[in-house]
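Next up: the structures, one after another.
Shared chain: chain A. Partners: chain B in the first complex, chain C in the second.
Up next is the complex of A and B:
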């Protein structure tokens, strides 16, 4: 079971890594990237089972990353949780249209996001 | 700039400090910010541009001790200088505030930029040309934090 966290904030990546460590994902199977292009390299090399992705990032943002990932054959059914500060309803709609499976707004509640992660693993 | 645009940013700031940082803060009296008459003290700011159905900026400014305390609190390590962690944290705080404030302004679709960080003792902060900048002080146990918002009047979608 492999998970990938994509967020330009190292603090947020560390928070999410620590949450994932509390689930059945082994530490060695947790990958992270600071933006979409670096994430795509990992997605191409590995077979990721869960993607946690921020929206606003430099280079390739999370929304565009999700659109690309959904066109990749091996990730048609990949659970993608968008974890973002973008809290407006029109943002949620846009993200779902792009292909996200679930949407969590920052500031995150560790218990809620852990429950969601467990649902998808 | 109408005052009703400010409240979502105040609400978001209180929420972010409580839920993300575990810190209770209390808003003080809003003021019209004029850098030339600035009597407030801060050393690092996170700045986010706002576009879409308006034009503006949102700034969150911290005295050094407050920023270092927050970074130490969230990492569990003692941080004594403005390093990458502090910069990362200040950027993430202003990003979450701006993103959450959009929830209270949903009739005006807004786009937020990536955060920029400025350091320096009482560095100059300038809002959108011709638009006043409103400052809101927030008190915390470690010191005051300042939120500055300069936003052109919004256009309904």
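Up next is the complex of A and C:
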């Protein structure tokens, strides 16, 4: 079980890493990246089983990253959870169209996000 | 007799008969006189007859056997066929009974399911990928949307037909999204649902009924994980919605009432923190003062001090929305007002201690509440210890310690605190006023700050209670509806000057005179001799108030005396007052910088 966290805020990445550790993901199997391009390198090298991705990031943003990932053969069924402050309905629609599996809005609640992650482990 | 034996007998009879006859005819033809006796007696003839008979007999026997065989074969086939038929019959009967049983079970289950589905409070229907409603929508669905035949119709036209085109397009897009995005979870799809809550209008028996309906979807997939149907779950949430609206209204009222407190907890924890710190100090001072009270004496100055402290607690607690604390301090205050100028006996003393205990308990309760609030406010921070960059602001106790180390308190805080007093007092008195503090100076030290704050707190309350007129009265007088209270702070000749003005009615000299006479502060002869300035000075005496009734804001007669005490005794400053009857007051306080 390998998980990748993509967020440009280090604090947010740390919080999500802590949450993932709580859900019994081995800390050696938790990868993180500050934006989309770095994330793609990891996605190519490893076989990731869960992707947590922020929307607004420099370079390659979360939505474009998801679109690219969904085109990759090995990630057709990858659970992708978007963790973002964009909470409007049309944002959700856009995310679904890009291929996002689930959606959590910031400020995050540890219990909610943990429950969602457990669904995909 | 069996058929196979019949035939040889026929053969023998026929053979004997025919051979006799033919032999007989043969001899007759040839002209030989022949009788049966001759034939029997003639061995050759007999042999021929017997041979012919035998041949025929055999032939017939064969025919008989052959026939028998055919018959028996036919019978066997018939028998087999019957057996087979019977078996098939049995089997089909068994099968049909099994089917019947299964059907019975199925019917039972469907009935149960129907009962369940129809008793569910939600309206349920299933649609396929062309948005067509399938069989099996339930009774509640009909109750919600009206009794019509929905089966085979598009859900967009038949159920959401009343919605506008934009909404309908939104639903169509959403349904397409549901059927085409296989990786999306049900919860994210429900987040994207445009009709999570919508108003449904229908006409029932001539009356237009507005209902609020909520909708939720559930995706139904086949064994190959292909989406085949969407289940729509509708709920009539009109009642909940009304309740919600009601609650929201109540919440709004509540928030309005405690808007200051809410704003403080949201933005300015520092003001609350100061109040808590001051309360701590005030309570200590109170306990010391109470111990100083001597029996069978008047204790005038001690009681005045106590009244001053309690009055501040009451007013500030009220301004911040801590009603209970304000009420308890109020009770304490009225009691002291009652024994002011009287000798304190043992009974009074016990009562004083009782009131102090009550206030102290309330303060402890208040501390508990604040502590709980602080914990609540810092919950959002997950694992702050492991996050070096995390917002440490939430750690209130830390900022309190830091804060206390600061010597200079900024006038920004004074502005916030006094504005709070202005807002709460104006609201309580149904008046409108704006407080402005203009300064380019930084601030003053902690000790001066406290005295100044207390001083202006009383000034502002009195301005609003006695100076600023009601909005209607102001309009009648040609003044702007909203009163202005302005505090300018600046440096002048090495001193700090506080220039306080309000555009209210100014001091009402007649009222002060009457009240002074009533309370016996001055005699009639003396008052005739007094100048206007001297009359106004009465206001700043201990225990003087022009208000008929005591209220939370002013009227206890404590406020103005505090000003005198703070300016002259504590700050060693100067105080000048100009009264502009009908137009307001101007107070200038000068203290050493």
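Throughout what follows, the second predicted complex is superposed on the first by the 121 of 121 C-alpha atoms of A that agree within 3 Å, B and C clash if a C-alpha of one lies under 4 Å from a C-alpha of the other, contacts with A are read in each partner's own complex, and residues count from 1 in each chain.
Methods note: contacts are C-beta pairs under 8 Å (C-beta built on N, C-alpha and C of every residue); 3 or more make two chains touch, one makes a residue touch a chain.
Since the structure is predicted, the reported quantities are computational estimates derived from the model, not experimental observations.
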First, second, both or neither for A:23, with chain B first and chain C second: neither
Touched partner set for A:107, first chain B, second chain C, both or neither: both
Touched partner set for A:77, first chain B, second chain C, both or neither: second
First (chain B), second (chain C), both or neither touched by A:10: both
Partner chain(s) touched by A:92 [first = chain B, second = chain C, both, neither]: second
Most chain A residues touched (candidates chain B, chain C): C
Partner chain in contact with A:58 - chain B first, chain C second, else both or neither: first
Set intersection of chain A contacts, chain C complex versus chain B complex: 10-11, 14, 89, 107
Partner chain C, residues of chain A touching it in the complex: 10-11, 14-15, 18-19, 70, 76-80, 89, 92-93, 95-97, 99-103, 107, 110, 116, 119
Residue numbers on chain B that touch chain A, as the complex places them: 15-16, 19-20, 74-75, 84-85, 88-89, 91-92, 95-100, 102-103, 105-106, 109-110, 112-114
Chain A residues within the chain B interface of the complex: 8-12, 14, 56-58, 84-91, 105-107, 109
Complex interface listing, chain C residues touching chain A: 173-174, 177, 181, 183-185, 187-189, 191-192, 194, 380, 382-383, 386-387, 389-390
